[in-house]
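By written order: A, B, C and D. Residues from 1 in each chain.
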Amino acid sequence: MLDKTSIAKRIAQEIKNGFYVNLGIGIPTLVANYIREDIEVEFQSENGVLGMGPFPFEGEEDADIINAGKQTITALPGASFFDSALSFSMIRGKHVDLTILGAMEVAENGDIANWKIPGKMVKGMGGAMDLVASAENIIVAMMHTNKAGESKLLKKCSLPLTGVGCVKKIVTNLAFLEIVEGGFKLVERAPGVSVETIRKATEGNLIITGEVPEMKI
Amino acid sequence: MNKKVKNASVALEGVTHNMTLMLGGFGLCGIPENAISELVNKEIGGLTCISNNAGVDDFGLGLLLKKHQIKKMIASYVGENNEFERQMLSGELEVDLIPQGTLAELCRAAQSGFPAIFTPAGYGTEIAEGKEVREFDGKMYVLEHAFKADFAFVKAWKGDSAGNLIFKGTAKNFNFNMCGAANITVAEVEELVPLGELHPNEIHVPGIFVQRIFQGTDYEKRIEQRTTRKKE
Amino acid sequence: MLDKTSIAKRIAQEIKNGFYVNLGIGIPTLVANYIREDIEVEFQSENGVLGMGPFPFEGEEDADIINAGKQTITALPGASFFDSALSFSMIRGKHVDLTILGAMEVAENGDIANWKIPGKMVKGMGGAMDLVASAENIIVAMMHTNKAGESKLLKKCSLPLTGVGCVKKIVTNLAFLEIVEGGFKLVERAPGVSVETIRKATEGNLIITGEVPEMKI
Amino acid sequence: MNKKVKNASVALEGVTHNMTLMLGGFGLCGIPENAISELVNKEIGGLTCISNNAGVDDFGLGLLLKKHQIKKMIASYVGENNEFERQMLSGELEVDLIPQGTLAELCRAAQSGFPAIFTPAGYGTEIAEGKEVREFDGKMYVLEHAFKADFAFVKAWKGDSAGNLIFKGTAKNFNFNMCGAANITVAEVEELVPLGELHPNEIHVPGIFVQRIFQGTDYEKRIEQRTTRKKE
């Protein structure tokens, strides 16, 4: 079973040299820490920065330099700042190569829900709807089940959708899955997790073809 | 073309109850602090505010929310404000949540004279309910209509009397797109410099999009999430 | 009868303090020379400059600083350079207060033709179609008749249109006219030109109400 | 992210006959001189070129026209080129003239992932023939579809290896809007500076929109209309 850090590490393996990547809040943010050192990657944050660097040293925070999570950050050499429309031109125009974000539910057809629980939580979608509607390469990072133990990989999302048919890959604490015709294809098991455990935790159709290897973190 | 006014009070002349306002900023980064304070001072109510966020409980648009000056909020993310959530769930506040990229582009559409845009964001979700959708090249898009606003309040780093603006860092955000997107655009700047000091290659917003400009005072520039690392 | 310079001078009187003005090629360009000294005006050129100044001094020409007529120009203090999309945002978004341009034909309903003579001249419309479609305040500067002596103020344009129902005012060598319901309203006569001369030179409906004053240049 | 290539020849790898190209510049101001020369050298033909103008007889796109490498021209104004007019009137060259603001915005639409725009330009003229028109708030608009192009060639003043660009003066024009509007964007710059030398506030085009960059050589930067005044 993976902890959040390991989920981030596994996702980091999906990042290729030369990728521009947009990271959502939560587990996705951790991914930045585990990029292979021999590849070049640039992080875009939709509030208007490309070439995002690490947090500033204490005392060097600048209120004018933040990421989409409103955290103080730094800009690496070669970074640029821009307006919100141009930022979403990067996203909508498919210039961002990979989007990594969290989800409350994912359906077997790639639908995703992560912005609203009617009557309970209404924070807004922020940039998520633009990201999922445009990105051709979306990885969802999330726990396989919710706090009540219910599957978050469903036949059909029960919560209001963020986007339709857009998720391509999912990394959970239990498995690495791909959305294919017909459902969730189990690609890798988390270390020590059996196929049976994954099957029980997955409400949507789980597709298993042959031996399912264990992830290497 | 001298657009310089003395202070926020003069800059807000003509702002009245029930108007629609655009306010720049992302979170608390680059918000028009002086204009917001003056809206509180003048006790202008019944406002419809277009802004990416709604501030926090005791800063930014949260100050207007606390005084119940906002009737309707058009935003993309409002998660940092408890009073906001309370007013929304109790029905005191109307809320229209729209995708962030759509928000930015509908400002730009207003700025640029486009009546509407086709965007993929929100297709197949409740955001698209009741809206026209259309297929182009096998992909579905939602038709969204340009904003209409009475005033836009933006905040820049430097500006001159002609209304030219330069932003710093990620404070450019919606401030850029809202300039010229309302009937009257009011810019407040940290530093008002002499005409000719801003290099024409480096100006972000040409003055034509700005009707009034003033040098703000007492900028707090509050940080919402202070994240740092230690020097090794 | 006015010469080109005098047409420019008469048009300059229509420019108000605080106006952003876009000047077309030809007579309109001359207008810049006759702006009252006690008002502030900024000139926008659609290739990407606001705050256009006079021609540079000899030897100070910069190939990177031109106007829409491809002439070398200068930038005044407070000027800015920008991209073509933002330039037309200024125009389409009605931020430019006044557009002055030439025409081959104007119709009594405000239609204008100035970009093409089928089979003869096909230079393209440049920014003219955007300008006339968006500007709320358009003044046309032109000769009242063409070289063959035929009226350019018509019931209906014979050439391909640049825009429909958009012209508001016209200054010719013979008169200052406004487009109103029903036709061309004769507002002023050029010095020494009779109403009868103007009537003969105008094919479209000419509306005359009362005494028509002579222009003051 | 190192996008630096050695020269125009390498930068043009993959450009083949019958492709659609975007080329920046207004008149001769800010044209990608090196890329154009290389297209002539490589004798690539059957091209569809999207560019505001078509150069003059012996410079800019005129060089490609003279060699009959252009099959179709999409432009807003072509009045400075006699060979262009000859080829058009004789039917050797297909020409699609579109309003300048539409041209700019259709580049931006391609850059920004918008499939189409509604613009007032050309309504009621032959430009709108066969196109969908639509009324919004009592005004008529024409639906125009985003460009699709294989390569965009732009020219900037300064750039770095990450593809970040800064323009000078009115050479920004279409060069800005074409970045990222084609499958591959090639930028040539007068000066390629070390990474980090361009200030992030002053960058016009973020590198994400550029795939290849090189420092050009032998810029002629010809002036089309040399207009001056005498010192008094």
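Throughout what follows, a contact is a pair of C-beta atoms (placed from the backbone, for glycine too) under 8 Å apart; a residue touches a chain by one contact, two chains touch by 3 or more.
This is a predicted model, so every value here is computed, not measured.
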A-B or A-D, whichever has more C-beta pairs in contact: A-B
Distance from the mean Cα position of subunit B to that of subunit A, given in whole angstrom: 28
Centre-of-Cα separation between subunit C and subunit B, whole angstrom: 36
Whole-Å gap separating subunit A and subunit C, where each centre is the average of the chain's CA atoms: 55
Touching two or more other chains - residue numbers and ranges from subunit C: 49, 75, 81-82, 85, 88, 91-92, 134
Multi-chain contact residues (two or more partners), subunit B: 108, 113-114, 119-120, 167-169, 200-201
Chains grouped in pairs wherever the two touch, ordered by label: A-B, A-D, B-C, B-D, C-D
Subunit C - residues contacting subunit D, complex: 45-49, 54-73, 75, 81-85, 87-88, 91-92, 111, 119, 122-130, 133-134, 160-165
Residues of subunit D defined as touching subunit C within the complex: 26-30, 52, 75-80, 85, 88-89, 95, 97, 99-105, 107-108, 119-127, 157, 167-177, 204, 221-231
Complex contacts: residues of subunit D adjacent to subunit A: 1-2, 108, 110-114, 160-162, 164, 180, 195-196, 198, 200-201, 203, 206-209
Subunit B contact footprint on subunit C (complex, rising order): 18, 20, 40, 42, 44, 49-51, 75, 77-82, 85-86, 88-96, 134
Interface residues, subunit B side, partner subunit D - complex: 113-120, 136-137, 139, 141, 145, 166-169, 200-202
